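To keep things simple, chains are lettered A, B, C, D, E, F, G, H, I, J, K and L as they appear, and every chain counts its residues starting from 1.
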């Protein structure tokens, strides 16, 4: 881990089922184009409401990956 | 969406089963008396512990709705 | 509750399955040596990623217990 | 000002023209039903974008008024 | 405490004598119209000054009560 | 809006005329290369001063757009 | 004070009479088992309400002491 | 810019017309007695309300200048 | 209040007896050299401990006064 | 500096020797692919520990550069 | 790393020579009694001044270690 | 330390060599005109970059001194 450099991106994943799924959705999407994503941190948890129920969970996270 | 005004309320939902359920409980209760709730944001996640286990999740959220 | 004193500890629980399980893991571990844990508050939610998926959820929480 | 009590509400005003107008829109709406609004504080400034331009400014503010 | 929902209000109490009295003033006023206020949290402590002395303490607090 | 993923960028727009124009400048620049920018949030408002007047307003904002 | 190391604990003191007494209660309790407590910092001021009055003040503080 | 030292002041400018004018008012006043003010940062935006309209914008800012 | 400019100072008052007295001490000292101090805001509450008791309360506050 | 737009990236530099070197490592890496990096701001300072010593300093910073 | 639990302590290290040395002092002291310290995070950097020079750097950090 | 009053100033020191030197530069400059500076706290660490290297470290600190 000597002298590595990491870059962070801020993403928002959306899901009708819950917080964990919204996080997984964002990470899966980012992994399509970025290798070496190592960790994430939840920054904000929000959502949309329809008819008195949560329609979508929206979780904003920072993901970190190695700059090669 | 031209010149609408929204109002935010701060609520705490409680649930023995988990974070998503505590949020849904708060939103369902608020929807009994407020129409047009559109979104929420999680402000704080706490809970009570009994016998080394989570007895209740308590999630504080802001909910926003259109002022008519 | 007259003139009680409480102490807070900061712990990080880890779990491959989700946020609630990571919290429960931390509280169960702390309960092995501390009696009277009454409440917790989530401070931070992070995690490790492997192969484009969440490998471990890491939830940092404060737990509060009565000083006897 | 002796022993008065004030209450704060959190509102979001929306306007296509700018920040000051979004604030004024929220305050005008609140003044329809609340007397004695005395001050406000801007909490958040956001907006929606369409075709590379700001379509609506959305300013969240706290307004304070005397409880009679 | 199963599946209860709480609501928070933000109030500012004012008093010439001190912080505790300003808090009590706000809570007494809110209790005139709201039952079931259970807890409060101090958000901000300010005051006005006249002739080099504190003329009024102004303490902003959140109060929480059960939604029935 | 089911299972969409959004990405946030942090930009600083500069303008001699005011806050709204600095925001618009940043969004117009970002829109040259990014489609689907949907919203922004003001993070910081600063500026440079020359001869006792504001020479440039510098507004830092996060902009969010759909990852396709 | 050369190369000393200090440790901080987070405690909550409770008192029916006021903020200063709640702080003193926490410090007196901690001093039963810890020598060399040198300073404290108030982190949060909360309380419980019964019948429209403050039943207990709860003040959370960090206390710092020399590690010997 | 080698080894310069800057000092920051915190000021609140007031204006009936808007945020930019309140900032300019504060900077113009400070420039009467301080040379070399180079930048500012908005810390807080508040205001007073009369008859359902903003009577005065009050913008708190930090200004920085070179210590000679 | 039209186009006034206010300046804020940050002070720490110290007192063996309590928070209100520490605030009053700081304001009285500042009033020896500054006219027109209008308000204050508590920023931090700390203290020193000797023999398991609070020896001094140290309250940091911002005070605001009119620039003439 | 008229109407320029800047972009910020968040990076973490790692170094066994200290904070300044971790910052320099991150900036040198970013400069391989980005021209016109003008400033940085330290966001977080962390590190890994092995055998009771700091093995690596990890400094997270935002870097800002001109969008051309 | 499956289902591990970590505990955080908050320490302040002091040193006349600089920030890195103050951090190392705190970690070395903690390692005398705690095994498995894995990481730290700098929380606050302060210091004492004598005769216009820094007499001691005081760096507050959180250290995390595995609960066995 | 009975009933002393302290004042805080916010300064930014600049240095090409590092964080500690930027702090020392600011404190040395302030000590030219202020006696009794007792402590400082680092508020922000920034810097300018030229040719992919840190040209100047800019450390903002609060310094506290006794009001006599």
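Keep in mind that, in the parts below, contacts are C-beta pairs under 8 Å (C-beta built on N, C-alpha and C of every residue); 3 or more make two chains touch, one makes a residue touch a chain.
Composition by chain, UniProt nomenclature: A, B, C, D, E, F, G, H, I, J, K, L = Dodecin domain-containing protein.
Note that this is a predicted model, so its numbers are computed, not measured.
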Discussion item. Return the chains shared as contacts by chain I and chain J, ordered by label.
Written reply: L
Discussion item. Looking at A-F, J-L or D-E, which one is a repeat of the F-H interface (more than half the contact pairs shared)?
Written reply: J-L
Worksheet item: chain F to chain I: how many Å between their CA centres?
Response: 38
Practice prompt. For chain E, jot down the residues that touch at least 2 other chains.
Written response: 10, 19, 48
Worksheet item: According to the definition of touch, which chains form touching pairs?
Response: A-B, A-C, A-F, A-J, B-C, B-D, B-E, C-G, C-K, D-E, D-F, D-H, E-G, E-I, F-H, F-J, G-I, G-K, H-I, H-L, I-L, J-K, J-L, K-L
Worksheet item: Okay, in this complex, where on chain J does chain K touch?
Response: 18-19, 44-49, 51-54, 57
Discussion item. Under the definition above, what is the set of chain H residues touching chain I in their complex?
Written reply: 9-16, 25-26, 29-30, 48, 55-56, 60
Worksheet item: So in the complex, which bits of chain E are touching chain G?
Response: 19-20, 23-24, 27-28, 31, 37-42, 63
Worksheet item: Which chain I residues qualify as touching chain H in the complex?
Response: 1-8, 10, 62, 64, 67
